[in-house]
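Let me begin by presenting the structure, written as structure tokens, before commenting on it.
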Amino acid sequence: MDQNELRTLLGAFKNGSLGEDEMLERLRHLPFEDVGDAMVDHHRSLRQGFPEVIFGAGKSAGQIERIMVALAARGNAILVTRIDEAKAQAVKEAFPAACYHADARCLTLEPRPIDKRGRGTVLVISAGTSDLPVAAEALVTLRMLGNDAEHLYDVGVAGIHRLLARRETLFTASVLIVVAGMEGALPSVVGGLVDRPVIAVPTSVGYGASFGGIAALLGMLNSCAAGVTVVNIDNGFGAAVAASKINRE
Amino acid sequence: MDQNELRTLLGAFKNGSLGEDEMLERLRHLPFEDVGDAMVDHHRSLRQGFPEVIFGAGKSAGQIERIMVALAARGNAILVTRIDEAKAQAVKEAFPAACYHADARCLTLEPRPIDKRGRGTVLVISAGTSDLPVAAEALVTLRMLGNDAEHLYDVGVAGIHRLLARRETLFTASVLIVVAGMEGALPSVVGGLVDRPVIAVPTSVGYGASFGGIAALLGMLNSCAAGVTVVNIDNGFGAAVAASKINRE
Amino acid sequence: MDQNELRTLLGAFKNGSLGEDEMLERLRHLPFEDVGDAMVDHHRSLRQGFPEVIFGAGKSAGQIERIMVALAARGNAILVTRIDEAKAQAVKEAFPAACYHADARCLTLEPRPIDKRGRGTVLVISAGTSDLPVAAEALVTLRMLGNDAEHLYDVGVAGIHRLLARRETLFTASVLIVVAGMEGALPSVVGGLVDRPVIAVPTSVGYGASFGGIAALLGMLNSCAAGVTVVNIDNGFGAAVAASKINRE
Amino acid sequence: MDQNELRTLLGAFKNGSLGEDEMLERLRHLPFEDVGDAMVDHHRSLRQGFPEVIFGAGKSAGQIERIMVALAARGNAILVTRIDEAKAQAVKEAFPAACYHADARCLTLEPRPIDKRGRGTVLVISAGTSDLPVAAEALVTLRMLGNDAEHLYDVGVAGIHRLLARRETLFTASVLIVVAGMEGALPSVVGGLVDRPVIAVPTSVGYGASFGGIAALLGMLNSCAAGVTVVNIDNGFGAAVAASKINRE
Amino acid sequence: MDQNELRTLLGAFKNGSLGEDEMLERLRHLPFEDVGDAMVDHHRSLRQGFPEVIFGAGKSAGQIERIMVALAARGNAILVTRIDEAKAQAVKEAFPAACYHADARCLTLEPRPIDKRGRGTVLVISAGTSDLPVAAEALVTLRMLGNDAEHLYDVGVAGIHRLLARRETLFTASVLIVVAGMEGALPSVVGGLVDRPVIAVPTSVGYGASFGGIAALLGMLNSCAAGVTVVNIDNGFGAAVAASKINRE
Amino acid sequence: MDQNELRTLLGAFKNGSLGEDEMLERLRHLPFEDVGDAMVDHHRSLRQGFPEVIFGAGKSAGQIERIMVALAARGNAILVTRIDEAKAQAVKEAFPAACYHADARCLTLEPRPIDKRGRGTVLVISAGTSDLPVAAEALVTLRMLGNDAEHLYDVGVAGIHRLLARRETLFTASVLIVVAGMEGALPSVVGGLVDRPVIAVPTSVGYGASFGGIAALLGMLNSCAAGVTVVNIDNGFGAAVAASKINRE
Amino acid sequence: MDQNELRTLLGAFKNGSLGEDEMLERLRHLPFEDVGDAMVDHHRSLRQGFPEVIFGAGKSAGQIERIMVALAARGNAILVTRIDEAKAQAVKEAFPAACYHADARCLTLEPRPIDKRGRGTVLVISAGTSDLPVAAEALVTLRMLGNDAEHLYDVGVAGIHRLLARRETLFTASVLIVVAGMEGALPSVVGGLVDRPVIAVPTSVGYGASFGGIAALLGMLNSCAAGVTVVNIDNGFGAAVAASKINRE
Amino acid sequence: MDQNELRTLLGAFKNGSLGEDEMLERLRHLPFEDVGDAMVDHHRSLRQGFPEVIFGAGKSAGQIERIMVALAARGNAILVTRIDEAKAQAVKEAFPAACYHADARCLTLEPRPIDKRGRGTVLVISAGTSDLPVAAEALVTLRMLGNDAEHLYDVGVAGIHRLLARRETLFTASVLIVVAGMEGALPSVVGGLVDRPVIAVPTSVGYGASFGGIAALLGMLNSCAAGVTVVNIDNGFGAAVAASKINRE
């Protein structure tokens, strides 16, 4: 029920065509009926200009295309995550302007350039080459959400000098996303060096007792660097959304 | 090695009393020798006026007191976490000005009032009464770190109307810390309502298949509300440190 | 041993052609020999008109077909669960009247319309699109068991307003089956809103720390909404059977 | 906001002392402000005459007493679960009319007799003597919720004849709660015998690889008897609430 | 219903005082009513002279005493397992003839000497001193069940020569019970040396990654010596019952 | 070193061609050098006429064939387990007399009929159709080891009457192997009915919280029927070896 | 910044073209900027003549080739681990001198023979044939790192005589790597026989409750032979690197 | 059987008082009978002057004292690990010369000074104060085994500069033992800095998702620094034994 309907209702009540009891009955249902729209409005104002997101895993190219058609009709920017190359190519036939980011397994569609926003640069740090896809997903998401984002890669705890050599980059970031598999120790080291929010992303990289990322996840949850927060294994997208909220002006 | 020593060294080199090879040898050790001080300085400037923190669990009252004596001599504000009432009373005999927060199991010592800082209010939300100690630890920590902090309690997902009834409080917070045990679903609901950073704290509340907080932890890591980040079970302190970093001006 | 045989036996005993010791020996075996039939009879009377169920996973199309031939000969309605499209097509060549429900991965054969029974409507609620197959399996099973069933979908805890907007549907259901993956929080919210039995079905949807549905399962077992019961991961069929028993007139 | 306030508001709008825009603004907040009361009302009507429940674990005798004073003032029947004998005795000094059920670790207070309701008898079945406290918690809860409840005990799968000897009792129950530790097989056997809803409660009874009830929990979730639903380990209270909802007339 | 009652029934039927339909009705209930007795009889003949067993853990001295009074009245030998010294002393006041085996945490009562039975000697092998209580429980149980039993102790896989030096003892045993904690490797070595049945008992001995016996349990389940079977952690009693069944003449 | 060599050595020592110190040096190595042969001899005498076993999983058809050629040259009977149909056909080209048991995934080669041995019949009991391959592996192994073996199938705990109807078969077996997946409750029920050794084999049948057989494994380890022993998940071969050792005359 | 640059800087300072403050500013950054080079230098001197290692898993043949081209240009010996035959063949087209070790799944390129180093022989011991690939990876790595290495295979704890028969080989090794799957007991037995460092490598060999090597890993961590250390599951490479460091002269 | 007995035997054979067959019979038992002594001798020569070790956990003061009396009679140095202060005081009454190391929970008895041995210094590194007991156990053990040992403490990955500032100490160690709880990342950083063997010891320090040291254990097993080996949680003793074997001259 939107405001116009409500005004009509109030008008009917005022002019007497709707009795008080009937009016009360209609209003009694308001809390539930309109709660959805109320919140959607609230949300919409906050999300102005932000992209719609489609989680591509487990959806066919056809399903993704149909959702995109609906969203694109409203002029939304669109971010599809977890989409492999084959599906992306199929979707691109319908959306030639879409851009596929192979390293991030993401497809983006920007009807107009994304407005920049945010207090500073979000720095994504990753260790081994196998962590790159997760870092790339974070980077694409950050940019689609309007953030300045940079990538510092190939810095692991077993070669601590490479990290230290880049300290200026670390110290100037507004928020840091640290992506690591195996023992997941990098966020602890980074969290001990900087005083900005650090979001840790465990990756499923490793074998044997890495248990598909559990070792890294536990390492990050037990970080001895206070103030490190953690997202789900391989969840570069979620880390980027959190970082973007933190980076807001 | 501080700057004065380095100036003396440079002087000795310039006036010839120190040869180039000797100078190189001295400088060769610089990267390691001074790296510590350099970082400590860097850190110190960022932490001006912030409290020193003592993790009280596993330390005796005597140990805690000795550390506090050393810290208090430098004029630092002090926060002791995970300290039970008996130990706190023993410590208070040496520090009558210290304040014990029984609900938070924290002891604080403030030589002078903590300066307020931060962009807005950090809101701590908790569900059941058993989650209160963790929420209280977060609140004490937030205030010791200079933040405005508020507490919204007794709002659980099984009584969603109590949460919705407080929506104005939710919408005005700068950062939200959501503390929950059992199924740990509250951060998902809150994360779906607000657009600010949400930090989820699982608690060890529950029995049986709650496995000391694992159920809540997993629930939060798998939150369907994008952008929720998670800290270790019962880690109200860590959540507060992260929230404080996010809330910086 | 049926009643006729027993009468014959009693006759032989009464007319002396069977001695007391022999009669005792025959009766001594009765407890075990007949216990099966007794129970089968008991069961049969309860299951009159209900479909036979074949768990299709791990069975070949040929095996499924052979079982169906035997069952169909008795005029039974048949429900095959966990059967993929290829197998279903092969089976349909022998049973052209069978109907394949692709979303539910179920095949049904109804020699005559299923009789409606039950006190009210069973409502199946699901969150994300990935939960749909499990919800669909529950719906097909519910209908084959004679229940009125409805589906409320795309309602998740991170968009609580969509659920609240459908409260009338929630409040009129006789039993509710809530299907959810990831953090599995939806049954807690639903269980807090309604006062009817809620059966929670965790799904294997998710990645990383969802551990194939364990996160959702634990969340549901630890639900803070009293009276929520849980079935195995992805077990839409089992939830429907339980709901149908609850919904009996 | 109750109806009277709303009538006042409508009156003010009708007589013009409140403008349309102001009226709209007031109504815009309705969805959230009143959603709580609306639901509480909805709940209250369903819960008429039902007891209030206090989860006693982790609460002091003083805390329990304070909550009971508040509830008793409204004339509510009260059920305290997970309360040990010492706390119960302390509470009984303030509430001499309260009754402590030592086997169930429950305290009950009934200002007037609980009204009987429900379609039939709820049967609680337990195996070993160590399962008795959980079964007793279920029984006390069932009776406080107005159900006829019976107890069948000392029937385990390793002595199947004792269960079969009581088949009449099984067949006449309206709902069955089956409490078992160790391998948790009893609900499967019972679920294969009866056609009524079966709620399985794993208990933490056992040692070694029982892992505090996990073995029983997994056994019940994997029950080969379709339609068995499961609650958390040792959760006799939750099983009783679910059974009571199923047993409603 | 025992045979005498059945004979009376048959007599009544034969002499006509009981009609065929009434007789059928009475017999219809036989399967269930008598199944218990039938099995108990079957069991009893097998268990002639065998002790009754009381699992002492979680029972008070008073409860144990009451059960023993009932059993002793029938002249049964009695074995109480998992009973600590304090409880045992309390029970012994009522049963001065009972014998407490402190190392095995067992109490035994033998109204007359246990008859020897079994094809040979059951050998219990244990590694470290911490495994002794579990080995002792097995030994006491074996002897109460009428077996010749011997104990070979202090033989671990890290000192393989001590085991090899006792090979004659190994080779003459009829059945072997191997008790081991930590890595649980002893049953594999023993199973590779002998050709008789080997029952492995993991113990909860160890720390850290022994996880209360899980490491030993997994090691035994994965034994590369074919034919090793395993019982629950610390279950010396269960191993002895199994060995006794194997050792029957 | 065999006896002949030792006699030669002793002769050389006695006739003086080997000095005492040299003799001692040779004997010093005896403990290690000959321990292998000694044990092998010991084993061989016990294993006369028994088949050699090849674990086929992870070996190519070529590797299996090469091992079989070597074994067959010695006239051994051969059992290959875990071999799929394709590999078996390839091997059969070289060994046309070999027999492939498709249900058991085993290949057998018997140069002459296996001698019967054993005190009685080993009964293999299985529940669902998915447990059949594991049961079949046990049956083939039992027969290759010279045992009389029978199969009782399609008896599950949720249809207890089917098991009870076959009690004579249960009561006459010498050893019982019970194969079950899902909740793994069948061995408890069987172990409560018979007094002979029961070996439980958990299978990886199931989905969701069956965790590839862990639920069944835990259920069996926690069996309330004393004396049930357990082997690894899907290990029909190991159960048969254990049963065969128990069944020896 | 290398020494030449530093000399230039010092020269500029000495001759006055660089002021003291500027010089201090440049040196202030030294700790971080040069820490990397300093360590790299330190490392390089230790690693003279050692191969570069590429972890092949998850890299394409093209990626591996590109890295090899860069490394080979510097004259490095190269070891590629976890590379399957197909990728290896593709890489060999560009590097015909490379050698593929199929059993070890390793590719090696040695521009000149590896210098021998080390105090003695590193002995790799493995149990079953399925452990061979992990043992082979260790052997190839050991040899590429300049060690004498030998392999003792097909020695398992269930045939302890085969191990004892090879005691001389055991006693002469400088370091021992013990590779085992299933129950992982071999390192305990070996560690009890020798007094040299023993490194245990669990393998993912096994099924059911081996849980992909967890059983072996736990067994090794709980080894009753003091001084056994453990590496990750299947990590033959890591064990060889550790052994090589221990074996240094 | 020692050499003298064997010489007597050989003499009796040579002089004819023992026949060849009798001699063969005696020798036939040699492999097993003497295998123990042979190995013990082998071991003894390696362990000359090394202490005997008693694992104190789970033993009473009386038991420990009795073992010490026996060992001390042979003049052995003695190390008791995991012994608390109360037990140690009781033992010291019988052994006033014994020394209790409260931080290490160890008791040592050195009849004469331990001989120094080893190629260099073993460095024990620990992070937080809670890791100190495990580090101290390693240090006491190292010294009792004749090693030079040093301790570097309070260096954690979240304050990496403190570790780097001590690089000279790191670079001069012969073997390094790194003790860490929480995320267990320190061994990775250390292993990346030095080229000597690194043994990682996870500690049970932490809370919540540290799971009693599992997080640290997994982190260490997945270390990205090649060549790090790991021992059981809290196993400072085992790490020291391994380091001592590596450090041998």
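Order of writing sets the labels: A, B, C, D, E, F, G and H. Residues in every chain begin at 1.
The rule is short, and it goes like this: a contact is a pair of C-beta atoms (placed from the backbone, for glycine too) under 8 Å apart; a residue touches a chain by one contact, two chains touch by 3 or more.
The structure displayed is predicted, hence computed values, not measured ones.
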> How short can a path of touching chains from chain E to chain H be, counted in steps?
Replying inline: 1
>> So if I look at the partners of chain A and the partners of chain D, which chains show up in both lists?
In response: B, C
> Does G-H or B-H have more contacting C-beta pairs?
Replying inline: G-H
>> Farthest chain from chain A, going by mean C-alpha coordinates, please.
In response: E
> Distance-wise, how many Å sit between the C-alpha centres of chain D and chain E, to the nearest whole number?
Replying inline: 39
> Any idea how many Å lie between the Cα centroids of chain D and chain H?
Replying inline: 55
> How many angstrom between the C-alpha centroids of chain E and chain A?
Replying inline: 59
> So which stretches of chain D touch two or more other chains?
Replying inline: 32, 35, 38-39, 164, 193, 208-210, 214, 217, 221-222, 226, 232-233
>> Show me, using the given definition of touch, all chain pairs that touch one another.
In response: A-B, A-C, A-D, A-G, A-H, B-C, B-D, B-G, B-H, C-D, C-E, C-F, D-E, D-F, E-F, E-G, E-H, F-G, F-H, G-H
>> Quick check on the complex: what are the chain A residues that touch chain G?
In response: 129-130, 161-162, 164-165, 167-168, 207-210
> Which part of chain C faces chain D closely enough to touch in the complex?
Replying inline: 35, 39, 42-43, 46-47, 53, 164, 171, 193, 195-197, 199, 217, 221-222, 226-233, 237-239, 241-242, 244-246
> Which residues of chain F touch chain H in the complex?
Replying inline: 3, 6-7, 10, 13-14, 20, 23-24, 27-28, 30-32, 34-35, 38
>> Touching residues of chain D toward chain F in the complex: what are they?
In response: 127-128, 156-160, 164, 182-185, 188-189, 191-193, 206, 208-211, 214-216, 218-226
>> Please output the residues of chain D touching chain B within their complex, sorted ascending.
In response: 32-33, 35-40, 57-59, 202, 204, 212-214, 217, 232-235
